[in-house]
Amino acid sequence: MDPKYREVPARRAKWRKRIYIVIFGSGTTAGKLFDIGLLWSIVLSVICVLLESVPSVHAQYGEELLRAEWVFTALFSLEYILRFVSSPRPLLYAKSFFGLIDLISIIPSFLSLYIVGAQGLLVIRVIRLLRVFRILKMVQYIGESQILLTALSASRHKITVFIGTIMTLIVIFGSAMYLIEGPQNGFTSIPVSMYWAIVTMTTVGYGDITPLTAAGKILASIIMLMGYGILAVPTGIVSVELGKASQRSFAHAACRRCGEALLPVQSRYCFRCGEKLGE
Amino acid sequence: MDPKYREVPARRAKWRKRIYIVIFGSGTTAGKLFDIGLLWSIVLSVICVLLESVPSVHAQYGEELLRAEWVFTALFSLEYILRFVSSPRPLLYAKSFFGLIDLISIIPSFLSLYIVGAQGLLVIRVIRLLRVFRILKMVQYIGESQILLTALSASRHKITVFIGTIMTLIVIFGSAMYLIEGPQNGFTSIPVSMYWAIVTMTTVGYGDITPLTAAGKILASIIMLMGYGILAVPTGIVSVELGKASQRSFAHAACRRCGEALLPVQSRYCFRCGEKLGE
Amino acid sequence: MDPKYREVPARRAKWRKRIYIVIFGSGTTAGKLFDIGLLWSIVLSVICVLLESVPSVHAQYGEELLRAEWVFTALFSLEYILRFVSSPRPLLYAKSFFGLIDLISIIPSFLSLYIVGAQGLLVIRVIRLLRVFRILKMVQYIGESQILLTALSASRHKITVFIGTIMTLIVIFGSAMYLIEGPQNGFTSIPVSMYWAIVTMTTVGYGDITPLTAAGKILASIIMLMGYGILAVPTGIVSVELGKASQRSFAHAACRRCGEALLPVQSRYCFRCGEKLGE
Amino acid sequence: MDPKYREVPARRAKWRKRIYIVIFGSGTTAGKLFDIGLLWSIVLSVICVLLESVPSVHAQYGEELLRAEWVFTALFSLEYILRFVSSPRPLLYAKSFFGLIDLISIIPSFLSLYIVGAQGLLVIRVIRLLRVFRILKMVQYIGESQILLTALSASRHKITVFIGTIMTLIVIFGSAMYLIEGPQNGFTSIPVSMYWAIVTMTTVGYGDITPLTAAGKILASIIMLMGYGILAVPTGIVSVELGKASQRSFAHAACRRCGEALLPVQSRYCFRCGEKLGE
């Protein structure tokens, strides 16, 4: 929850203040119940979308699922309106990440009223799919995710270099494999060979395309053993960054003088300003 | 072994005390022999259940396996009765985790006497299957597992956040793949597409469902490379927690003079200030 | 960029100096634009080679791709000439790693003019393939790669020992599997069995060759579980080395007063004794 | 090389001493050349065994390979005799690990002279297979392997607990899958289901057996996600132990007073005897 929504201005109407505390806050009992209810609604609405795609379920419960769909759309529309109205800065909420996600997840159902026809139905499904983004809200509720994000964010540059190296290797190995095996063995073009190289290096190994010649098998073996070693790199990167992020999170309270928060756990003096840290 | 069973009340009959020491303790020679014998009985009884399911073995040795089954059931029943009788607090034992497992692993065989018929046989097998839970007892005997459990328990919250993120990605990628490939290419519904996404992201890659269109192969490649990076996260989490758990278990109390906390386990002098460490 | 090219001799002609700064340097706006333009040209030219191999694209856009191919060849030839001319030591540039790569990536297109015929075309493609090495230049532009290379270089010896052990296991397991399953189950020779062992130990698992006998499945299970444990070794090696490389790059010189060596990179005061760190 | 072979008794004949230094030692030029020559002979003899199994190679070069086989056998026999004769304690050498491997790797060729016939040939191949154990000698020559062995040896107990847990999960999941999918979907018995569970949990995923029912796919998804998390444990264990082994190897020279060699890198006092460590 953004801190700028915390401080509700005193001039606000009392009922808007109350709605704000329930919807945006999670400190009160009502606020907690609202959050849990919302979470379950999101999960259930996603499950409905998933079930609707199963042909046998659609044939038998299509009607009921459509009705449930509209109930969820109504609920989420109401929630959006309440959030917009009760927010101290409505436009800021509407333009925030979750404000946009909230809006996008209710639009597809309304669109399906105006766009009709066989072809159109498929398009609607594509938009309706965005509904599942609502599940992303769940991340918001779990504080522990911060440490993971810090570690991933710190590893970002290293992982970019790594992905770049992998892409280069995939282009080279894909091209080599296309020349060795050729279209008659399933490697119909360099992009298809690159797809095979990705399937192999990530150790997924579907087996829809496999080398058939001796030379192809030798090169594939080299790629696999190389992938084996390469797999170690992102793991090592994240391990190291997680270790650092975790160590930092074990730190003292922030320094009283300069506010530095990332103090190593054994610190007796702030490493930025030299302030002696209290007991 | 729960410590509350250690202190045998003095008022107990001598033979119960002796049985208790043999069955629950592992300090005496008899106690050790009992434990090893029990362990092998569990392994053998599980192997019997496994072999019985092989058609060719069942046809030839069905009679013998049934007899062995009853011998093991008799042995384990006797063990359960002895445990119950000799325990200082029988009901507490019966309600403990391993007390319940002990009971559940002998019930199916007795049930098979009363529930008969073709359909019933299958049901009995389901219950008999629980017999394999007995193998869980083995964990109890190895002390080293504590450090692993500490590390996994400490990573619990982070792994939950991680699994949540993975589930969200699986729903999104599964839906996207369903829309791209469609039922005609094996992606018959969103749940089936999600199964494919799990098979792909975990790098299992059966190859029973594979993308056939160019767009599907591109999305699959992105999912695989993403899975590659994501695979690093749980490994990093467990590495860091294991490092901490291992460090903790290796560390003495801190040095009294200089406060150094990371002393190697065999230390008799602080490696920083030379202070003799106390007993 | 090699530092020996930085110091442009004062006796050089002014225009050569200017070209040198733009092409080899990246400090000026023109230099940055040149680098970014070159990067995109490399990516686009590689994409053209990839697309040309797709039969349907080749049939429709073969003419355009050939023309694009020649435009890129002209551009890269011009770049090579300018680099050669403006370099303070042209021969040293020509013999450097990227000098050779620059040359190799333009040769295949010119060769295709003289070597003709069906068989010859295939050979040209092989040489043209080297064009993708140009993508390696991208690594040069990202400074973060240094830490990864340090870690990999430090792990080199350990990884060699590890690969040696893996190769030994692959020979032993491949031979054993050949004897157990035999040619009638797809394991046609020991090298093919070794290919299967590599596919299995690296957890790729195509499924093009799978054990069919009970003994083969048992051995395969042992190999897989062993591979599971072995997979941990390279990851552990790289994690440890990355941790060290990362720690080193983050550390100041040690504190002069108390000797603390693991100071965070932004430290201005020692976190142990409060000493102000020198410049 | 075992240190007990280092000190050659003075009473030995001069030529035996010289042979000993060349064969067992690697300090002299002759000793180094012998080691490298032996290494290449082992690799070449293994390649010959591998090639002989390829039908097309056997048909064309069977004669030459058989001759090469006998040349290598003669060389290795000579080497064995020289090692035995020149060793200060011949029987101790013969009973040592590499003494036995040396003997085992030359026996199969001689055995093939007396055991003939179609069935017999296959048996000989099984014994000849042991020849590949000779490759294990290579490990001996690379000193870097010590740190890996220390780390693996320290993780031994934890990995045993881990493998035990995995085996339990495989029995439980294998049985559950057998009951859900049944023999008609390829899960013909519990052992076969366990094989499938191993293939799935280790993320190999051949795809020779795959779940076909909805319930089977759901259970398989759970197993895969669990395997994803479990994969992290051995990696974490090895990372931590490698980190420790590597830290230890970075230590000072051993303590002058008590000889303790595993001193932490920042030590100023020996943690065993309190001796102040020199500069």
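Letters are used for the chains, namely A, B, C and D, taken in the order the chains are written, and counting of residues starts over at 1 for each.
Rule of thumb we're sticking to: a contact is a pair of C-beta atoms (placed from the backbone, for glycine too) under 8 Å apart; a residue touches a chain by one contact, two chains touch by 3 or more.
This is a predicted model, so every value here is computed, not measured.
K.L.:
Same or different: at the subunit B/subunit D interface, is the fraction of residue numbers used by both copies above or below half?
P.N.:
different
K.L.:
Decide which interface, C-D or B-C, involves more C-beta pairs in contact, and give its chain pair.
P.N.:
Result of the comparison of B-C and C-D: C-D.
K.L.:
From subunit A, which chain is the farthest off, judged by mean CA positions?
P.N.:
Ranked by distance of C-alpha centres from subunit A, the top chain is D.
K.L.:
Please work out the Cα centroid separation of subunit B and subunit D, and write it as a whole number of Å.
P.N.:
29
K.L.:
Averaging only over C-alpha atoms, locate the centres of subunit B and subunit C and give their separation in whole Å.
P.N.:
So the centre of subunit B lies 41 Å away from the centre of subunit C.
K.L.:
Report, in whole Å, the distance between the mean C-alpha point of subunit C and the mean C-alpha point of subunit D.
P.N.:
30
K.L.:
Which positions in subunit B touch two or more other chains at once?
P.N.:
191, 194, 203-207, 231, 235-237, 239-240, 243
K.L.:
Along subunit C, where are the residues that touch subunit D in the complex?
P.N.:
Touch residues, subunit C against subunit D: 157-158, 160-162, 164-165, 167-168, 171-172, 175-176, 178-179, 183, 188-191, 194, 200, 203-207, 210, 214, 217, 220-221, 224-225, 227-229, 231-233, 235-237, 239-240, 243-244, 261.
K.L.:
Mind listing the subunit B positions that touch subunit C in their complex?
P.N.:
Going by the criterion above, the answer is residues 203-207, 235, 239.
K.L.:
Once bound in the complex, which stretches of subunit B touch subunit D?
P.N.:
46, 49-51, 53-55, 122, 125-126, 129, 132-133, 135-136, 138-139, 142, 144-145, 147-148, 151-152, 159, 163, 166, 191-192, 194-195, 198-199, 202-208, 231, 234-243, 246, 263-264, 266-274, 276
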